[in-house]
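Each chain carries a letter (A, B, C and D) given by its place in the written order, and its residues are counted from 1.
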């Protein structure tokens, strides 16, 4: 660590560039045939013979061609154990019924905790879920010589929204521009292009549509930027951003449940009042540590369900934000709500067509229509189950012991 | 969506609790024997015969007992394709050499992009990496009747740090309390207990140690809280927090590389100047959208490497923050640096001992000593490769076409 | 301090409530006649005879009735010294000309620094300023029994926007509703009511309009909330919020200037390159410390001009955010831009009609039309002058000595 | 506005630099003699004869030499009306007694609101106040050629803390270095130099001490930076930063009060329960809009008291952050607490010695010892009074009517 550093030649040698020794670049390619994968293993084991021991756990010699448009330089598959939580009863605008939650994780106690929360929610008659809004954004950036040029450009873009919308439409059957907003900083302009993307998560779809929009603009605008980029990091892609709260990214969903005091006592061994105390202190703990929104561990269910169901697991970084609220109602019951403004999910595209991922998705028995919307409501419902379970165990004082016993061989 | 809602009986019926119909709770348990898993499938296929079709992709009838302390309610495994990027040459304080990067993802173009960045970094002599600091925090919360009581309690805790440190030590051979800090809000007190955890990521370890510390405090403190919780959400666990920047969570690592202009042109088809322009606009785009730190897509490599190497994938939510900086140097070269203050990683514990995950970890050929530290430097180096590759493709204008061609069957 | 606390009776006594001793409530009232003010002084000097010594510096026996709608319990006036910086040449969409900047402050070096920046900007031909957008928000909050009720309410509100707009219009000749947006969190709904307010800052105006809107809603909505509040802290009033960047609060203004290298050297004794280096490090310093936006010291000019010109000085808390950017252009010149998204300013109402404040405002010689818009452009131009001056002195290394010599008698 | 822009020559002309016309730079200087001020007025009125009308309201011909080290280019004083709220009973670790609150503002209803809150708190036996911690930071920045050099430098600095502390001590009788922390980003290093500054707010004091420290480092360090700046914007100076919550800036103070239900009803015409409902919704409104901490309007009292008492009004931008919490206790009473982590205040230096400002400070009757600490507790107590009053009026529904009647002539 930096505090251990002392000035000596070794330290400087260690960190300075090493241009001398050769290295073997891994042979790149996106074929996933048996031959292609075997060739990659030959390369690996030639470089380091110890690697031979690892072939079997990653690759059993099968043809993986169906993975070819999801991965490059493929050498096999990692096996992530999947457990089932629930079912959880969801009374939603798109999700209606009792849903099993497939969760892929290597963390002990995770599935058990969501299972407990799901069962309790179902016992209480299920949770109400509502999709508030949806949209995926790309934010190309344009740099101008002067603010005056930026203003003229901006004016032209707003006047030509319809044409841009038409341009986007031609790139896909599903991608539809719903709005273009403008954010400016000095002589820099960011276009916030908001789209709906059907049942796909849609990040690639909106990239392609935005590229087309930008090219149309560049070809037709009366003012040219000095330079421009198809994405200038104002969209919140792959990172949590405050912007999600003031608009939406992906899907924004709220889920609530009211749990009678006696169910809280029976299932969680604590009281609504103590859980509200725990929520209040946790919410302000989040505020003090500078989190976005206030919540406990949405990331756990989102990561587990995203991996199981072929979602983009990197989107956990942006999706795991929101607001959890617990209240004690006049009748003594516990009111719990979660609101997630940044659920990037899809039921087509990405990893959803791969064999095991597709199985997990289909086991959920989503409705035929509005699948992605229904899935987003279920993801938020699972997050609610997790918040209830964790606050319950913290309030009851059995959080530590539960983790200890389930990760028992450590 | 909320904007489609109209007042009608159906809508209210849809969202109101449904106490009447029965439901089948999934049978819980953490056994992973063939018998146990088959029993779970029998339950599933009895409830819904269509599910039968999905058994084979998730479960091939093998004994999964080695997963038993990592999952509950297990029904099999999800297969995530893994590709190799690199090797990437790392000149670090703990990682020294050319490292293969195993990446598990279902997103096209991801491995290819990191591969390109890794090869370019290696061509430039490798990147310098340094572990700045480390520590994992738990933040129990204590609520008092009055601020006066809180003050007395706080005073006592600070006087008894040594005893608390001793208490923590007795819970583990690896977990060591390095500091206790205090954060207060009105009559609420949060203890920020910072630990080192050897080569483990350590979240469970620090929970157990903190439980012991709290119990010691409660048994001995001259003042009692009204109530307390072993974690009160001030630790940044599973969520990005501003606090990571002002201290550390997990491991804080910086990595830098200087790339001659001609290599930039050859590999990325653009110039250092245009990449700096793109960085600047992206950094401020991040600021405007309210992100923590400014970076492009750390989440992509972290999610892919965390899944491949048996890390806690939910920690992507907290780890994918940091600062990327690009500069054009006087000699025309491109200087690139990343700093990640919140790398929660381990090389023992969690999913690291599962077969395919262990293989990925071992293929990296980490040093015997300080494995987790070396791994954190490699994770940060991979993030650097990704930032260079994405800014390169945005600056060169081939971001969209690269994604289009690699996800070619969509 | 908390770290000095030891458990002793004194400490507990000190902090516990004291119900016993009597106290003299200060006689309240908003009259500002000589008699009313003298009566207040009699009260004060009766309670504490030492106070007599302070009468003269605060009150010279004059009639202050013109202050009566700006203050309660008035005992006189505090005298804040005012200096003039500039003039600064502004080439704006509303502000056109060379403007004197009246700045009220007690901090040495402040006026001198803005003066230097203003003179330099003017030497460079002036700065370009553009009002990007405007609007003031109130955010009433409504709590419902269930999310289903919230959805119905939300639907009704959106359908009745025109009627609500009409209702707002009837409360003022200047206040106009431009949009109503909806933010939800569980069963809580926040209406974001955006208004234009003519040349007034408008916070009171929008409160009154929003009260009328809420009362109309309550009287006519098919669904009733359990409770509601005319403001529920989602508007950013009196505090910096990330939301300002994604929309606007008050007025959003960008200002830019390009300064030739030789002027930088002559006026600031440094180079554009070193100033860009300083900007870059400062911008990332802001990011690391968790600020909103990245800037140096907008607060200095805003506080000084707000106090001088009768603005609401508490709005400095929200207005002093934004983004500063410095770049070195190909011709060696320094490009500087500031963007302030949250300028709450007005040229009528509040303190603008008080004698000395009105004088400061009028000395600026604002245009007759769009006065508040022009004033916002000048405020942002002043902020730009300050950023250039401070970065210049930090880069040149004379920041400390300048402060030392101007605050010379300390 | 940008949306009104149309491409026309006028628009471009308006915004382009104007190098042609001459302008009159305001004659700079920090003398405040009658002659110097009159000379400035002559300059102003020569440029614009209309300005003559404004002389009297700003300048009555008096000698202002005592302002000379607080202002440059002085032309007189702005008169800000000051009202008295309270007294407020404070039971603090440094402030003990019933304190009058001098508030300088031009906003109707402000003093009345704080007066109401102060009287209510006093009726309840006063509020408990505790200074949690204190310290003022400067953050010089150093840029190195490589991370390796940074590491060596960092190591050397940490080894030489005592010498640096000694160096700082020699610059002032009051300024004491309490810690040096290090924050790094790539090859950039920020030193976080924390000081105590006696009864002064201390920003200038810590600048001078830090300059000395930096010069010592540069003269003695085995490694030289490429460049460095005495402040690199990592200190939170003049802007709200998340960092304040995790450490302290200036003084961190908590204040609490418990108010019986009957007092709430009598004074505020509402109930503790409804106030807690209002707090909860407001706190989450703050979270959703992306504020730092959650509070209502600390800025109002801070701005008013800072102006009245000769504090640096620009520090409102950083000081107006914190956490407000309301709870309903088991006995039906209302518990209220505020925690302000960033109170930059002093009772010597800055504007505290100017006549009217000094009078306001002295009227508060602060203790002789630890004056600034006591003042910080009173500032936080005033903030508490304001939170209670505003939440009370929002909950009772009389927020709008109160503002309407007090700003009655608008």
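FYI, a contact is a pair of C-beta atoms (placed from the backbone, for glycine too) under 8 Å apart; a residue touches a chain by one contact, two chains touch by 3 or more.
Note that the structure is a prediction, hence the values are computed from the model and not measured.
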Number of steps on the shortest touching-chain route linking chain B and chain D: 1
Interface sides of chain A and chain D: same vs different residues, half threshold: same
For chain A paired with chain B, centre-to-centre distance based on mean C-alpha positions, whole Å: 13
Whole-Å separation of chain centres (CA-atom averages), chain B against chain C: 39
Contacts with two or more other chains, residues of chain D listed in rising order: 2-3, 5, 11, 15-16, 128, 130, 132, 146-148, 151, 183-185, 188, 242-243, 245-246, 283-284, 288-290, 292, 294, 323, 325
Residues of chain B that touch chain C when the two form their complex: 2-3, 5-7, 11-12, 15-16, 146-148, 151-152, 154-156, 158, 182, 184, 222-223, 242, 245-246, 280, 283-284, 287-290, 292-294, 323, 325, 327
Chain C residues touching chain A - in the complex, by the definition given at the top: 128, 130, 132, 146-148, 151, 183-188, 242-243, 245-247, 254, 256, 290, 323, 325, 335, 337-339
